[in-house]
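After this come two complexes, each holding chain A, first together with chain B and then together with chain C.
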Partner chain A sequence: MSVLQLGAGDDVRDAPVARANPVAKLAVALLISVMLLLTVDVVTAGTALLLELAVLPWCGLSLRGLLRRGWVVLAGAIPAGLVTTWLGLDSGAVLVAVGPVTITEGSLLAGCAITLRILSVGLPGVVLLATTDPTDLADALAQVARLPHRFVLAALAAMRLFALIGSEWESLGVARRARGLGDDGALGRARTAVGQVLALLVLVIRRGTRLSMAMEARGFGLAGPRTWARQSRLRWSDAVVVAGGIVIVTVATAAGVLAGTWHLALA
Partner chain B sequence: MPSPGTAVLAAPGVRLTARGWGWRHSGRKAWALRGVDLDIAPGERVLLLGPSGAGKSTLLAAAAGLLDAGAGESVGQLCLDGLDARLARLAGTGPGESRTGLLLQDPDAQTVLARCGDDVAFGLENHALPAELIWPRVDAALRAVGFPYDRAHSTATLSGGERQRLALAGVVAMRPGLLMLDEPTAMIDPDGARMLVRSVERVLTRQATAAAATLIVVEHRVEQWLGLVTRIVVLEPGGGVLADGPVLEVLADQGPELFRHGVWVPPRFRPAAPVRRVPAPATATATATAPVEGAVLLHARGLAVRRGRRPPVLSDVDLEVRAGQALFLTGPNGAGKSTLALALAGLTAPAAGEVVAEAMLAGGAGPHPVTWRARELVTRIGMVFQEPQHQFVAATVEAELAVGPNRAGMDPADTAARTTAVLVRLRLDRLAQANPFTLSGGEQRRLSVATALVTRPTLLVLDEPTFGQDSRTWAELVDLLRELLDAGTALVCATHDRELVDVFVAEGRARELRVAGGTVQPVGAPSAPAVTR
Partner chain C sequence: MARSEEMSPAPPAQQAGPPATVPSPTHAPSGDDGGWGQLTPRVLAPAVGGLVLAAAVWAVGLPAEPQVFGAPLADLTIPVAILLGLAGLWLAGWTATTREPWRVVDIVTASVLGVAGGFLFVLWNLSWEVLKAPLAAFPPASGLGVGVWLVPGVLGALIIRKPGAAVYTELVAAVVSALVGNQWGFATVWYGLLEGLGPEVVFAILLYRRFGLGAAIGGGAGAGVVVGLLDTFLYYPEFSPTFKVAYIAATIVSGVVIAGIGSWALTKALARTGALASLASGRDARRV
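So, the complex of A and B:
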């Protein structure tokens, strides 16, 4: 079930970035995403990725830990780059031409840029998820970023229900075999799977309704003020983390501009 | 004595008064409750009883201020300390305090946060207790309920019973003057239930010298609360208070009637036991070809079972399943009873060893049930799951029953005849067009059994079939299982229900295997140590 594992695990060490306030980490991840989404070029994205890998030791995550948790980003980035290489707008010298498919210098560069961009945007996200406890993230979002606490806490409680989904799904699958379903051809199996998803939804919604009643009974959603048992505050070290993020995007963008490859991709 | 700063349940007891009170859920024609007149004095401990559908939970939710005007329509008055219940929860209470506390039945739907301490703190934060007072109060509440873990312990790995005690800590931390428990043990095993009752007892006796908190418990299993409550109130479906008075008086007067309506009153207050049915000849529930009683239908050799890819929970299991006999799998939670049941039912593959079906059961489908096609399985081995909702796949009760026969390729006319017979036998005929998910707990249980029986399997495997059931559904299940045994069906049943096991063992057609410590041990066999109950 754990495609993108959330929360600190055994492979996360205590480190300055890991210890930072979740909102600071989130700010860095957002900053890098926005700045890299502005452009599709090899130099900017490549520089950002190199700098990110350079600061990885301070993030508490080893390269192996990064791969284990972030393989899904890699699995998306490489095919996206290949597709761009084959199908992207052709320009420059033709490198390969097989039938209607041509790979040119331009499309190859664009493909590399896409892959690097996805990786450099994804890496801070993986670090954020791997080094942040969901409860700490919710505390920080509500207390530091001042997001509405009802929304944040409801989302946090709902996330706990996701932990139950795996075993529910297993039970539903076994129960379907017991009812005689699911063993005739792809179509029959697909139909059974659709039914299973719907049944799962029904179960999850019912449980969610009961959870919200239990939360209400304990005063969730009251009009008055709310206090926080776990204080989430910004410290000077968080400013350093954000500054580090600013340095990464500034250096990467400057490198792209100086190399002449930086182009606003929004147009 | 706890210091005032960290005492739990230190608020004075709350007085509850109802005058002609009633509630109708929006979109319903019938009133859930009507004309309720009730006075509960501060510090009283009341057990609230009534058949299912009598509006007991509705009354508690209303007293907790959780029924808002949009959810339905109310008449009369429901007051706490003279204040309308909708406003009373907070009026005049200090920070971190709630006039009412409500514990609900589903353990999985009451844990809010990932760490135990955070979960208890949740209610205190919502009631704006200053941060520096929260942790001492959390620790006091965890101690008060006798919670075995510390604040930092993860809530993900708690058992159902532990979860309920954690939720109780979260409730009592808010120092409610009115503590309400809505079927708190219905979804946890007997050991967990005993511990929870003990926790409630601890909390109530640990109070400061100030006036004691008021307690209202709704529960179908009466016996476990008798030492704690002093008064019983019986509600009537769609009406008001049917009986009200001291515990023993009400039980003596109403016991038999309550039992018939599904309330688990202690045995001495039940009606005289009905005469055991004469074994009926093959009827709606009979198997197609009745095997010889006592013949081995299925056996396991060196079997190890596991869930998913986790390490095996049980290994070296050897057992036989015989026609016309029941095999009960008992033992503590998490010991692997359900996992073993699934493997015997041909639903999960063994981690080691094998489950072998004899020719009488296999009927030409190969020796290993797990390799059978699903449509072959349904006519040979039926499975009733602990959670009925897991096995529902159709939009109506009638269609639900037709699924198995259709999959097995039975003749449509035959399917219709069987469906009708099973509907009538299990008193579901009036609900034929209802959606399975909208049925009551007892109805869902009967339907889940019906879906397994309609294809007339030679072996029926049941996982906690009586779990959370009222006494009426329980008695019906016992009758039905007897009928199946009479007809030569073999039963395998994973259960915590001592009473159920005893009934069949006493009749001499059941064996009990205790599942514990990674393997199984026959109970009552010469080699096994004497079993104490």
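So, the complex of A and C:
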């Protein structure tokens, strides 16, 4: 299943942004998502999306790779915009009226803004997740961002089990099929699914307990200084990446404020 | 081990459980005073302070000036008040806990639980798109499916029983879901963090002492409120207030039933298999 691929793949080229420290890429993605989620307007989200698309050639993702990894964002953004267009608060001139459903200038604009916002928030995330190896991310989080290393490394170790969890889920499903379970209507299928989840959790927790014993036996979690096989450092190029992110949100927000469309979405 | 100096009457590592004075969380809260025994002024101060500050902000309201990018600051009154109140309560709960440090087995189990939760997210992300189609006639009903995404946080807290377990487990699950790729992209990580904070605040208010059915329901409701508010804020900001209220009600119901009661039932069943033997929840289950 190609859906179950974790981390950087072979469709990612070496490029300045792809090479940046994962923490720098993470900072940019966090900054852009916070600043763009504050507002619902076409100008801010549209400007940000244009700027992000302009930077894309330096991100190491081919158009094919972007589509392969980003289609799910697109699949979420377009329905959300359509739903808002149909059901959002009406204002302005009525464009289409079919029964109870009315599409007005206001709701159409709001729908476009929602779609653009999801896309502009999603794109940096797609680039971050596509160009970052989980191991590099963990090294950077523990060494550069100074998060508690026991948690970061345990999470990384657990992520290594992801593919295994997938194959265990499949074996459990096959075993249940062999016993003739899960074939009696929607309710029976739901009950079988819950049972399968429980069985998976039992396997996973047992494996986790064994894993922790193995890790402790190798000295994981001891008090005292920790050494690192892979060094993760910030370079000047990382500062450039972060500065680029700041420029994108500043220009986009300024454009929204100047156009008078920026408004806080919290109210 | 890092925790050795903090647990001076140190029992051997395998038995390092909650101190004997902590009542069994599966007992009814009435009658035993141990759970709230540490309600000292130092604990009460942040709770009362946070609530008073929140009430003050609510009553007075933030000033219209200065404007934030053309929007009056007063728009933020209610979110700021809620945030202050929750922060005070959470801080109080955090101060009052005995703060046993996380052991390696706690961390690793929470991590694998998170990754398993992330795997189930990946399945649910795809199947919910299909399952919610019949609900299109009444769009707020789509909130009924969010409970599945809230399970890892509540389940992590019920199984690990440490401060921060809900946030950590839910965050790991969300990161896995985002790394695999889903229709929400990076926003998943924010969702995971906040969906974990919802139950975390509830368990902190209970001083990390109660992990029974009531606490699980509270945790699920907390997560449901958070995800309902987030969704109306991020995805449905242009909808009518009636829609928003109906949607948040649906997410709370889903959080209580699927994440709250569901996680509690899963924890009971897991304890019966013996899989939790080396964890706080497993020791407790054996005693009952």
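What to note about this one:
Rule of thumb we're sticking to: the second predicted complex is superposed on the first by the 261 of 267 C-alpha atoms of A that agree within 3 Å, B and C clash if a C-alpha of one lies under 4 Å from a C-alpha of the other, contacts with A are read in each partner's own complex, and residues count from 1 in each chain.
Operating definition for what follows: a contact is a pair of C-beta atoms (placed from the backbone, for glycine too) under 8 Å apart; a residue touches a chain by one contact, two chains touch by 3 or more.
Since the model is a prediction, treat every value here as computed from it, not as a measurement.
Looking at the superposed arrangement, the partner reaching more residues of chain A, out of chain B and chain C, is C. Of the two partner chains placed around the shared chain by superposition, chain C is the only one that A:Thr84 touches, whereas chain B remains out of contact.
In the superposition on chain A, A:Ala110 makes contact with chain C only, not with chain B.
When the shared chain is aligned, chain B comes close enough to touch A:Ala178, but chain C does not. Once chain A of one complex is fitted onto chain A of the other, the partner contacts of A:Val257 are limited to chain C, with no touch recorded for chain B.
Of the two partner chains placed by the overlay, only chain C lies in contact with A:Gly125; chain B stays clear of it. Touch criterion met: A:Ala75 reaches chain C, while chain B stays clear of it. Using the contact criterion defined above for the overlaid structures, shared-chain residue A:Ser33 touches chain C, although it does not reach chain B. When the two complexes are laid over each other on chain A, chain A has residues 134, 157, 202, 207-208, 211, 213, 215-216, 220-222 in contact with both chain B and chain C.
Touching chain A in their complex are the following residues of chain B: 61, 64, 66, 90, 95, 98, 100-102, 104, 106, 108-115, 118, 121-131, 134-135, 138, 155-156, 167, 170-171, 174, 307-308, 342, 345, 347-348, 373-375, 377-378, 382-383, 385, 387, 389-393, 403-404, 407-408, 437, 451-452, 455.
Every residue of chain C that touches chain A in the complex is listed here, in rising order: 1-2, 4, 68-71, 75-76, 79, 102-105, 107-116, 118-120, 122-123, 126, 139, 159, 168, 172, 175-176, 178-187, 189-190, 233-240, 243, 266, 269-270, 273, 275-278.
Considering their complex, residues 3-7, 29, 33, 37, 39-40, 69-70, 72-73, 75-76, 80, 83-84, 87-89, 107, 110, 114, 118, 121-126, 128-129, 134, 150-151, 154-155, 157-159, 161-162, 165-166, 169, 197-198, 200-202, 204-209, 211-213, 215-216, 220-223, 253, 256-257, 260, 262-267 of chain A touch chain C. Against chain B, in their complex, chain A makes its touches with residues 133-135, 153, 156-157, 160, 163-164, 168, 170-172, 174-184, 195, 199, 202-203, 207-208, 210-211, 213-222, 224-231.
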